[in-house]
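Naming follows writing order (A, B, C, D and E), and every chain is counted from residue 1.
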């Protein structure tokens, strides 16, 4: 089997499975789930093959065919691009998808939309693979939108509830804002280059020097808009916390591990191109620094465990961008991989709690006590440790790589923000663990750990536990792969070894420890007030808890402006334009009525008119020569 | 000469004759006759597609003969890669339209008679290469609309029907003098499109006449500010008529601009292109904004059509390969998409007797499949890739970007609004809790069929646009090459 | 012998007149005999016109010419007469003691119109016009159960006699200027050829009587009242046969005017614009179908003038062609009017409600006729208007064409209102049933078929018109 | 010899008087009288123009004779209508015979 | 001042005066009398223009037939019973203006006349007229008889009392 065929099959099989499920298997949930899992498993195997096929640094297997004729040149040529970056990313996608699907067997059991769920997940996997393996920027954009669509449908999976429906809408529209920039950027590139082959863009082949810096800056900025929208960065982040209305496994897969990382992937993918626009990269650096800290502040006060995780996703994605902006693809992508692992882990573990407590609130979960089995707790702790950057969990290594990539060149302010963010991360991660796991039973024990254990429930629990344990194990493993991973896609760039401790790592570790300690003091220790230092300042707490009031700002400005414009346009349409048409029509009828008064029944007036017209005719004939 | 085009034209015409001959009480036979003529049209279209050579130059399947030589009117038909997709579109919408109206009980005979008449006109426009017949069929397609809407329509049907008819005929009132003026200007006097194009026109004539054609045909294409008939008409029209109207008829306007305005008056088109593009851009943005605050599903679709037809017009205004490719493809995909839209809404309306977004809600639970059709159409409208419109819009935007970057940026920015209204409708009408007592069954298999056909076309083209673009592209290039030829007889 | 053959229609008229008169005398008080005789005569007349269609002859010291022009008009007049006789049924709506006479006077009017077509001498032309008019002057006030019949007669007579006085004044000037009453001599008179204002004016005054018959602005005032006030058969005749003949003579006089007087053309264009606009706008507010048709006729006269203004053989051919199909579509509309009101009363829009269910064929005929009047394909009205506008455009009358096209749009509005009543609105209470005879079916189908076929393939009939125009210009 | 101008002027005056009556008088009979005056003016015109221009005076008289016939016919029709209207409406005021409007 | 001029002047004065009486007086009988007077005047004008035969026919037809018919019609319908309606000043004014305008413009147009006047009127005999009637004006001659027939039959029918049946022919 050739890698190309494998890559095509890897996309096609989940696509086919998804389509089949949605079209034919909607009433057969069990077979739907099996089909989906088998399809993704096969796809996963194929991507593993791809990883091995493209193991050597600098490999780039490309197979393309013309897809869209354009005015000049051969038109847009679509195909697959298999290189270390895409193959590893696709492996991440398929493996996390596979795990999430297995987990969902338990988590979603009994849901009305069970089959639809698996169908949509399969489609998502296919689309995400398409995005990852695309050889053309426009092709990437196509799948980019499709994962957005999948995200919309999955956030709104429980569409009857108002929350998910609204969240899905918000997510779709907000990411569209970024996508519009992306599209414009791509179109500008097509206009300039005729085609937007990713390899050509990265290698600067064919355009080096021919494009003005101003143009490059503009295009890069536009592309970055897309990345920011998809990855919930900068001003476009507010959809992601709301997206947590979707099923938890979906949050794990789409809204932390894979889809939201697409923005990072895009920048990593086109790093060679972005490098040509240093000012944009500089902007990105600062945007990600601010996002990282801002999202961390929000996570500090969130009560909903999934929202905490969502904010942490935003924050961690910002770290990845930070590395990319600083020039290190390796570090950024490394953090992407580890983050995919531990964040999926965190969500899945949290999902078990949520499933158990039927609530997202951390305090509520705590009141319900632990679910059966230790997997959830272990998973949560391991994931949180990785998030906080505790050695030897994977997060430590990757975050360390990110912080290191910043280097002294970034300036002290940047470094303070980056490290401060790390401290906050550790704080809120620990806060989450303490809040969730410190059991505070509620007064009435009716909701306590229950005894009923049907076979199905047991099976479900097992299905949910397996991925958690696997991912937990991964958090311990992934960190060590960093160096080799990084080597694959940025050959020649020296990557520091995992355990090369220096001032930076020590500082990071110290900050992490401080954060955890602070969290323990406030939440963990026996008799703690379980009120954080931020929460003691209501204004600040509200500020953080409300996404820095960005939602309100948007509602008050953009949304209101759009609505006002819409109403204005509607009014104009009904009153002015349509009204004008009606007025002309009514005027015509009125004109008819007026003219009909000439026919007043007085025959002598008719005669008078006739004679007058004839007199006028006579005058016209004698005077016509003068006038003509 | 194989007379395939004539045969195609005769399919609905023969259907009309057949329907007229069957006494009105044999409802089933009338339906069958209509379906038969639609199937025949599809089959003949299939033959035409099969016999069409995308890479051959010039007109294909040309049929010509003498008709009215004193007046320069000749029997001249032929197609190129631009008209072919529209023929396919018409056939599909015709067939699905007949199927969608299968359950019709009221005055069945007259309905299908008018419908086949309308389709005859549409086919005629797309195959005519003589301006007289072009306009002849054009009006044949427009007039049955009045009765189709006024008799079988719903909300404010008489008003909507009258408004639609008068707007469209007012457009024709601009077109007729323009065409006659061209006829008397060209030597030798002829209505033959091909000969007229060959002879060419004086640039000053072109500049004067082009706006008449653009505005006149533009009315039917939903050109701002003459678009208001369209939402009102769509809301009033019965399902199949909305399908045919938004799906096919509005394309006649754009096709007229392309085939008559641009082909005959390249200089005029070039001179007015910025103004046309500006109007088209207003269409896009304005239509989207108005759609954003509509509460009737059909009004949303109506204004989305205004917006989408703006994309077609914008593509045409670019006078570039990409723009026109995109415009023609958008004509096709928008045709299929609105047909699907109206088919989906039609089903919902038949069951719930309301189209008010506020009173619907949670439909996806009650009738997932029927809802899915609407959602697919809405997503197509929102320009989601994987559905046909994406490619078309992409090409138009690209074509625009090459010439008017700022305008393109504005129009692309409006995609946000497009997305917003599409998603708003989906979320309000199909998501959320069911507001009303929803116990109607989901769509059964037979009514599903036409809608599924439409959805499938959208998906297939969305996946592989070259299926259609490979046909359009050579024709567009030839078209533009002919346009670029300077006026020889100066 | 060939001369007699050329006079076949006139001979038929003579014999037919005697036959109807005899029938009247034989059956005092009844109308069946006269009706049946009239139907036979009408058919014979059509046949006679067809037979002598290609005849060419000049007789009576050059004052009577039989050529393609005259024969085409005679055929049209004969067809209009036949249709009107058919539409009139047994003269319902006419005063009961004047029903049989209806057919006699229709025949005399037809005779006048036919003479008009052939007369090439101004006095004879004028007298033919008066024969045609007087017959109608007599018929219009003889309306039954309709108080306005007399008033309509008054308007008709007063406006008609005034126009006739104007015509005669024009004639006196023409005689003075040219010294002759032969049209051929008048046409070559130096004053006319030179376009002297007085000569043009004299010709214009002379045309007044014919413009009156054509209901052309400003001589249109009688039309609404007469259409409304006269019985359906008479109105049909006024709207069909007499329109075509009048159009033909107006064309003939324009040819004499020399086809090149710019000031005359502009005056005509102005009148045509007013006619179109006035007719269409006022038609909008009508509720009586015949009155609406009258106003639409005022507008249609304007369209016809648009073709004539071109002052070319093609323009005249187009106008004649339009006149022919105009006859058909008006006949269709009046047939529906007469059959819906089987007792001969007037038809308001509300009387048409639910027609599609009561009489589908009538509804379809109405639909097609009105669409034809509106100039909508696939009916012949479309090509007819197309040709008119084309001819005008060829001479650069773009604004007139634009105005005409806009007017067509306006006209669609009120035609559609009629269609709406016939096709859309339900009949309130129990409407009068509409009974159609076999003949009604045949005529309806024939008219519909003719309108459709001429719409699709007008060439042969247009060739007739072109031949007639050629004969006129020779 | 009376000059043509004089005769024409006289005819024009007569025509004008007739026209005035036609426009102003409400009685149908008076209107008919006015019309006849106009026709007489036409006749004078013809005679004057044919005899003074020397073209064909006989023709002029022939035409005028015919016009006299026409005038008689006009009178017959108009008077019969007058009688008929008066019989049914008992009124011959044309201003009041104005039900047909619009 | 020749005799012709004298005759013309007198006749024209009579004719104009009669015409003014015919349109100006309010009594319909007076109008008819004025009309007869005017016709006599016109006949006189014909005489002065050398059209003797015409003058005779004119008097016969107009004074002898038309005016009498008018008197009959008026008497048949008794319009004398009613008081004449009030005259409207505006209507008179507009009628004067329009009629005056029309006559004025006609006069103005006649001033541009292209014909060459100045021939001496020749005497025309009835025989000449008769020859023309049976010569090149035979068509008109036939048509005027048809017209008179139609007018006569029509007049009888219209004036006939409705319901009186056809038997009263």
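In this section, a contact is a pair of C-beta atoms (placed from the backbone, for glycine too) under 8 Å apart; a residue touches a chain by one contact, two chains touch by 3 or more.
These numbers were taken from a predicted model, which means no experiment stands behind them.
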Problem set entry | Third chains touching both chain C and chain B | A
Seminar exercise, completed: Neighbours of chain D that also touch chain B are A, C
Exercise. Whose C-alpha centre lies nearest the centre of all protein C-alpha atoms?
Worked result: B
For this session: With centres defined as the mean of C-alpha atoms, identify the chain lying farthest from chain A.
Result: E
For this session: Sort the chain pairs by how many C-beta pairs are in contact and tell me the top one.
Result: D-E
Problem set entry | Separation of chain D from chain E, taking each centre as the mean of its C-alpha atoms, in whole Å | 5
Exercise. Between chain B and chain E, what's the gap in Å when you average each chain's C-alpha atoms?
Worked result: 69
Exercise. CA centre of chain C versus CA centre of chain E: separation in Å?
Worked result: 31
Seminar exercise, completed: In whole angstrom, the CA-centroid distance of chain A from chain E equals 101
Problem set entry | Per-residue overlap in chain A, given as positions that touch at least 2 other chains | 585, 596, 599, 601, 603-604, 607-608, 611, 614, 618, 621-622
Problem set entry | Two or more partner chains touched - positions in chain E | 91, 94-95, 98-99, 102, 106, 109-110, 112, 115, 137, 140, 144, 147, 150-151, 154-155, 157-158
Seminar exercise, completed: Note: chain C residues in touch with at least two other chains are 123, 127, 130, 134, 137-138, 141, 151, 153-155, 158, 162, 176, 179, 197, 201, 224, 282, 285, 413
Problem set entry | Chain pairs in mutual contact under the definition given at the outset | A-B, A-C, A-D, A-E, B-C, C-D, C-E, D-E
Problem set entry | Residues on chain A engaged by chain C in the complex (per definition of touch) | 585, 588-589, 591-593, 595-596, 598-599, 601, 603, 606-607, 609-610, 613-614, 617-618, 620-622, 624-625, 628
For this session: Sort out for me which residues of chain A touch chain B in the complex.
Result: 26, 66-71, 138, 141-143, 145-146, 149, 152, 156, 159-162, 164-166, 168-169, 172-173, 176-177, 179-180, 183-184, 187-188, 190-191, 562-563, 565-570, 573, 577-578, 580-582, 585
Exercise. Hey, which residues of chain B end up touching chain C in the complex?
Worked result: 24, 67-68, 70-71, 107, 110, 132, 135-137, 139-140, 143, 146-147, 150-151, 158, 162, 165-166, 169-170, 172-174, 176-177, 180-181, 183-184, 189
Seminar exercise, completed: Counting only contacts in the complex, chain C reaches chain B at residues 314, 356, 360, 371, 376-378, 382-383, 386-387, 389-390, 393-394, 398, 401-402, 405-406, 408-409, 412-413, 416, 419-420, 423-424, 457-459, 462-463, 466
Seminar exercise, completed: The chain B residues in contact with chain A across the complex are 163, 166-167, 224-225, 227-229, 232, 286, 289-290, 292-294, 320-322, 325, 362, 364-365, 368, 379, 384-386, 390-391, 394-395, 397-399, 401-402, 405, 408-409, 412-413, 415-417, 419-420, 423-424, 426-427, 430-434, 464-466, 469-470, 473
